[in-house]
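The following pair of complexes shares a single chain, chain A, combined with chain B in the former and chain C in the latter.
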Partner chain A sequence: MNTNLKISNVTKIYPGCVANDNVSLEFNSGKIYALLGENGAGKSTLVKILSGVIIPDEGKIYLNEINLKLNSPLDAKKNDIGMVFQHFNLFETLSVFENLIIDSDEQREVLREKIDSIMRKYNFSIDLDIPVLNLSAGQKQKVEIIRCLIRSPKVLIMDEPTSVLTEQETSELFLSLKKFSEEGILIIYITHKLKEVMELCDEVAVMRRGKLVSVSEIKNENIESLANKMVGQNLKTIKKKKEKNSSVKLINITNLNFISEDPFETNLSDINFSVNRGECLGIAGISGNGQSELFQVLSGEIISDKNSIEFNKNYIGDLNPQERREYLMAFSPEDRLEQAAIPQMAIYENVALNNYKSSNFFNNGLINENKIKEHSKKIISDFNVNTDNIELKSQFLSGGNLQKLIIGRELITSPDLLICFNPTWGLDVGAINYIHETLIKINEQNKSIILISTDTDELLKLSDKISVIHKGKLSKIMDADEVTSEKLGILMGGGN
Partner chain B sequence: MIKIVKRDEPSRAIFFFTPVLAIFLTLVAGGLIFYILGFKPFEALKFFFIVPIADKYGFSELLLKATPLCLIAIGLSFCFKSNNWNIGAEGQLTFGAIVSGGVALLFYEQEGFYILPIVILAGAIGGMLYASIPAILKTYFNTNEILVSLMLVYVSKLILDYLVVGPWSNPEGFNFPETRQFSDSARLPLLFEGLRIHAGIFLALAAVVMSWFIFYKTYLGFQMKVSGFSLKTAKYAGYKGKKMIILVFLISGACAGLAGVGEITGPIGQLHREVSPDYGFTAIIVAFLGRLHPVGIIFASLVVAITYLGAETAQIFMQIPKYTGQVFQGMILFFLLASDYLLFFKFKFIGSNK
Partner chain C sequence: MIIDVNFVGLIIASIMASAVPLILASCGELITERSGVLNLGVEGMMIIGAISGFALMTVTGSLIIAVFGAMLAGVLISTIFAFLTQTLITNHVATGLALTIFGIGISAMIGKNFVGIPGKEFPVIFEGLKDTIPLLSPILFGHSIVFYFAFVLPFITSYFLKKTKIGLIVRAVGDSPESASNQGINVKLVRYACILYGGAMCGLAGAYLSMIYTPQWIENMTGGRGWIALALVVFSTWNPIKILIGAMIFGGLTIIQFHMQAIGVRIPVQFLTALPYIVTIIVLVVISRDSRKIRLSTPSSLGKSFYKDN
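Right after this comes the complex of A and B.
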């Protein structure tokens, strides 16, 4: 049976921002549709409207010519629209089976049967009786998908599904999606990753600043054309110049271990590596494999054995982040809003968080506001932060601008080593390019970087050497030139 | 049609306007309650809010009640601003009173300029000690400071009860549950002949100035602010988050302890069962009504102090139970929390265009 989904003149306005501006789109089953756009382009709003999470200000949704009233996610489910969100909505401590049946009132035995047959049909192998917290990200996603499939949906919406997956898991997901599509489920695939669109989809709709920019068939497009549509300007591609790096060791980690008391954290075992001056060491891995712990150990939020970290011929394993900054290290954590910055505080106050001694931000225990503001203005202009009001609360900066501010703040000491963790996560292409250029510049000035990232493309682009972290252990360090994303994928999944 | 929309940014003007709105709504609701009880609303409100402070004595009483409220609320603002929910100020006050009272009794019938400072210091230390219990349990054992600090209130009241009935009770006191009167050297001097207002008010004012200075001008204040918003950020910046938690509890406890000193060495002059008419709890309302801002807290403490006085006047002249005062305090907090909604949302009037 054919399914036809029509979005007609949908508008959604938020204070100060038109998230969807008169968007009309039509989808037919049998094809996989990509909804492409930068962060903040309005694609998430649109799919949230489709799944009943957000109610549009204007416009109508038709499924097979019937006007749908989607006032809650339940309405969407009732109308056979299934959605898998970017962030999983699973109860970690319940079993897979319990998670699957939680919103269903059918009998357990019937459901078990149904779930088994779905798993057989699509070759999913998941133990239904173990708690969800034991599953990998890819498996959790499958659980979410099964939860949709139980209701035999006509439409399946996937919101940025590959952000937590390895290469292998991604290709498995694509196979499944193609199979669903053949069986008549209409698939809408939200992403900002162009390669995936080219690989998976049949048609692509591009959104920019709340507006639908174009709808076209994939065979008429290529990565560059889509990127330009998405960003609205011609992008220059950056490529790092590979130079002969110096062989002076800057940081040397030996036998570093971390055992956490928190069962949700990952233990680090036997970490050994070193980084030379002017070099960028990339650390790849699927999130949750110890990256956050590694970052904290390197930044000094978690203190380790004094001798385990040697930086510039000093042993600094037992120093806290502020003390490490005095040795010219700098840190850009993953979580911009909860760790790297305080959204409720003004921009200049956030700058003062990097309080190295010679900054004179604080004299004799008193705040030196003039000094802080002076520095803040410099960062804003040097790093292209799009505002001129340093008293603005940082929550009103976009992700990209906030990240520029944070990197700028960290670089004011002109540190010898910058450690960053997913520096471009969730940013738009423009901001990503800016951050990448900045990082490359740092290397060119013979300063070093440790880049912990879950974005393989980013790592391949910026790193001189790459290692993979899996379950708290680092793989051997490889030359970036000799590594392919396939090889990284295998290592990230725990293979050899 | 009226539509409620989220504000882009909490409005600064509304931030200071909502306390005023809350007080106004409390008056309206209070008038309504009086009306239902069969009183003339305006007259009743007059008895409640104007008569008590119409003369010099009344005004002195107002300041007398506002002093501990202001002092405690200033202390609490340190805790609340950094997301530490110390609601046991009443206990810290009581324990401060016990310690300073004990020291004052040691100097029974002795003279000396040094006695009062020692008594005051003892009260502050007592409050700090008592506040350090929830602080240490929170930082090192992950207990909930709300529960611990609240339960300790009752512990301190029982300790006080035991002391004034048992070991510390006045030998010539005919078994009344109270201690001996402190010597004059252990008492805060009165400011005016015939009025009860005493030098404790200067402690409160000093606390106001000090808290403003610490919060807005010092690195310590900045670190407290950051730790309050996010312990993760504090850790990342290299601040000692746990120490910061203990510090704000100590400051808060010291202020509450000082309020206790003010009560027993000021108007009362001895320890007995009821050293505080729940100042420690009411100060929570004061702190929020004053928006955790030093100047705001001064005004808020005056407003809330009136409810104490008004309740007494109303009881005398109108035979309304004095607990009406607590009803008013409750209403102020209720309306304040309710009108805080306006901080984040606004009403939008939309014509019926569609």
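Right after this comes the complex of A and C.
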């Protein structure tokens, strides 16, 4: 049977922002639809309206000509609309099976059989009786998908599903989605990754600032045309000039080990690498393979053996982050609002935090507010942070602006080495471009970068050398020119 | 020296009796906390239950009205907590502390007229079997219905959480209210229900104290048992069976140290009095030290307010 889903004149207004401005769209089963847009374009709001999480201010939803009243997620489920959220809606401490059956009224035995048959049909293999927190991101996503499939949905919505997946997991997901589509499930795929749209989808709707900009068939589009529609202007493509780097070693890690007492952390074993001046070392890997531990060890959040880290001919393994900063290291952690900045504090206060010791921000224990504000304004203008209010609490900055602020804060002291962890995670194309340009500029100034990232495209674009971390171990260090994303994918999965 | 086995049986029975209020209050609070709500008002709800039970018994003369009235009183006072924390989104810790202070104060005020009034005898069951088996009879028979209920409750609670649909929903809400809400579970409703249930159990625990354990009203008669119950929940890592063990150890040491004081053992009294607290916590920490299990049984959202922004 054909499924027809119609969104008619949907508007949702938040204080200070129109998330959806009179959006109308129509979908038919048998096709995979992409909903494309930058962060904040309103695509997540739109699909949350479809799944009953958000109630629109105006507008109607029709499924097969029937007007749906979607006042809660339950209503969407009852009407055969399934959704896999960007941030998983799983209960980490419950078992996989418990997660799957929680919204169903059927008998446990019946459900177990149903789940088994779904897993067989689509070649999923997940142990149903272990807690969800032991699963990889890809497996967690499969759990979410199975949870939708149990209800045999007519519509399946995927909200940025690949942001946590590896290349292999992504292609597996695409195969499954194509299969679902052939079986008559209408698929709406939300993303800001253009490559995926080209690869997977049949039709694409582009949103920008809450408005629907265009609807077109994929065969009439290419990556550039979609990017320009999405951003609303012509994007320049950036490329790193690969030059001959100096061979002066800046940082040298020897036999670095970290054994965690927390069973949910990854142990690091026998890490060895070095980075030359002006070089960018990329560290790839599936999240949860020791990246965050490695970052913490490098930044001094976790102290290690004094001799295991040699920086600029000093042994600094036992120093804390502040002391390491005095040796001209700088850090940009993964979690911008939890680790890098304090959300409730103003921009200028956050700026003062990383340099409270060496700077002249403080006189005799008192805050020199004027100095800090002056300094903050310089960062904001130098690094293109889109605000002029330095007293704004940092939680109100968008991800891109916050990341620019943090990178700016770190770079304004002109450090010799910047260590960053997923610097463009969750950012939109414009902000990503800016961060990438900045990172390339650092290398051009003969300063070094250690880039820990789960985004292989980013690594291939920016790195001079690449290594892969898997289960707390680093692979051998390769020249970026000789590496392909396929090869990285294999190493990331633990292959050779 | 010959020890009368029935005397040993009686001591064990008295240990069990002193564990009853702890088990009831802890099992109630456990359900509340498993849904992600931290209610520090246990002591206050218990003392309200104690005075309500005693007052209703004295005024109406009916034990049934008194017991259920005490539970209802617990429910009513926990409704205040639920309304504040779930509807008005106040801070769990501050609200719970206020509830305890409020409970102690209001119970003292109501209780003024009931000081010195003798309690009524609470009927016991299986009394005829009291002399049939040596050692076991005094343990097994001749107790109030509340006593038996308390010792079955941890097992019911465990079964409820692990095996039933509603138990699963309670755990899910405690793990991630956001996910639960997106799954169409009414988080507020679940949390309200769990808070009210906790209130009922605390009310019952209080009524047990004032009507069965020491049948009279004394101001502040819960004497910190509410806090012990709270500690039991945490140190048992939200496991009802371990609550039972912890309550028995605590009750046991309380009784034994009384006897030791009476015999005149040459250990400082202060140390003896502190002993139950120290040992209970040490034992529970030791039996619960598997950090993986702690992670799996700790309600991740404990004490965090949840509100939906649409």
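Heads up, the rule we're going with is that the second predicted complex is superposed on the first by the 493 of 496 C-alpha atoms of A that agree within 3 Å, B and C clash if a C-alpha of one lies under 4 Å from a C-alpha of the other, contacts with A are read in each partner's own complex, and residues count from 1 in each chain.
As a convention for this text, a residue touches a chain if its C-beta (ideal position, glycine included) is under 8 Å from a C-beta of that chain, and two chains touch if they have at least 3 such contacts.
As the structure is a computational prediction, the values presented were derived from the model and not from experiment.
Contacts of A:T93 after superposition on the shared chain: chain C is touched, whereas chain B is not. In the superposition on chain A, A:S299 makes contact with chain B only, not with chain C.
In the superposition on chain A, A:D116 contacts neither chain B nor chain C. Applying the stated contact rule after C-alpha superposition, one finds that A:E26 touches neither chain B nor chain C. In the superposition on chain A, no contact is made by A:E391 with either chain B or chain C.
When the two structures are aligned on the shared chain, A:M345 is found in touch with chain B, with no touch to chain C. Of the two partner chains placed by the overlay, only chain B lies in contact with A:Q322; chain C stays clear of it. Of the residues of chain A, not a single one touches chain B in one of the two structures and chain C in the other.
Put simply, chain A touches chain C in their complex at residues 51-55, 72-74, 77, 85, 88-94, 98, 101-103, 131, 133, 262-264. By the touch criterion given at the top, residues 168-169, 171-172, 175-176, 178-185, 291-292, 295-298, 300, 310 of chain C touch chain A in their complex.
Put simply, chain B touches chain A in their complex at residues 5-9, 216-222, 225-226, 229-230, 232-233, 235-239.
Every residue of chain A that touches chain B in the complex is listed here, in rising order: 15-16, 299-301, 320-323, 325, 331, 333, 335, 338-342, 344-345, 349, 352-355, 362, 365-367, 393, 396.
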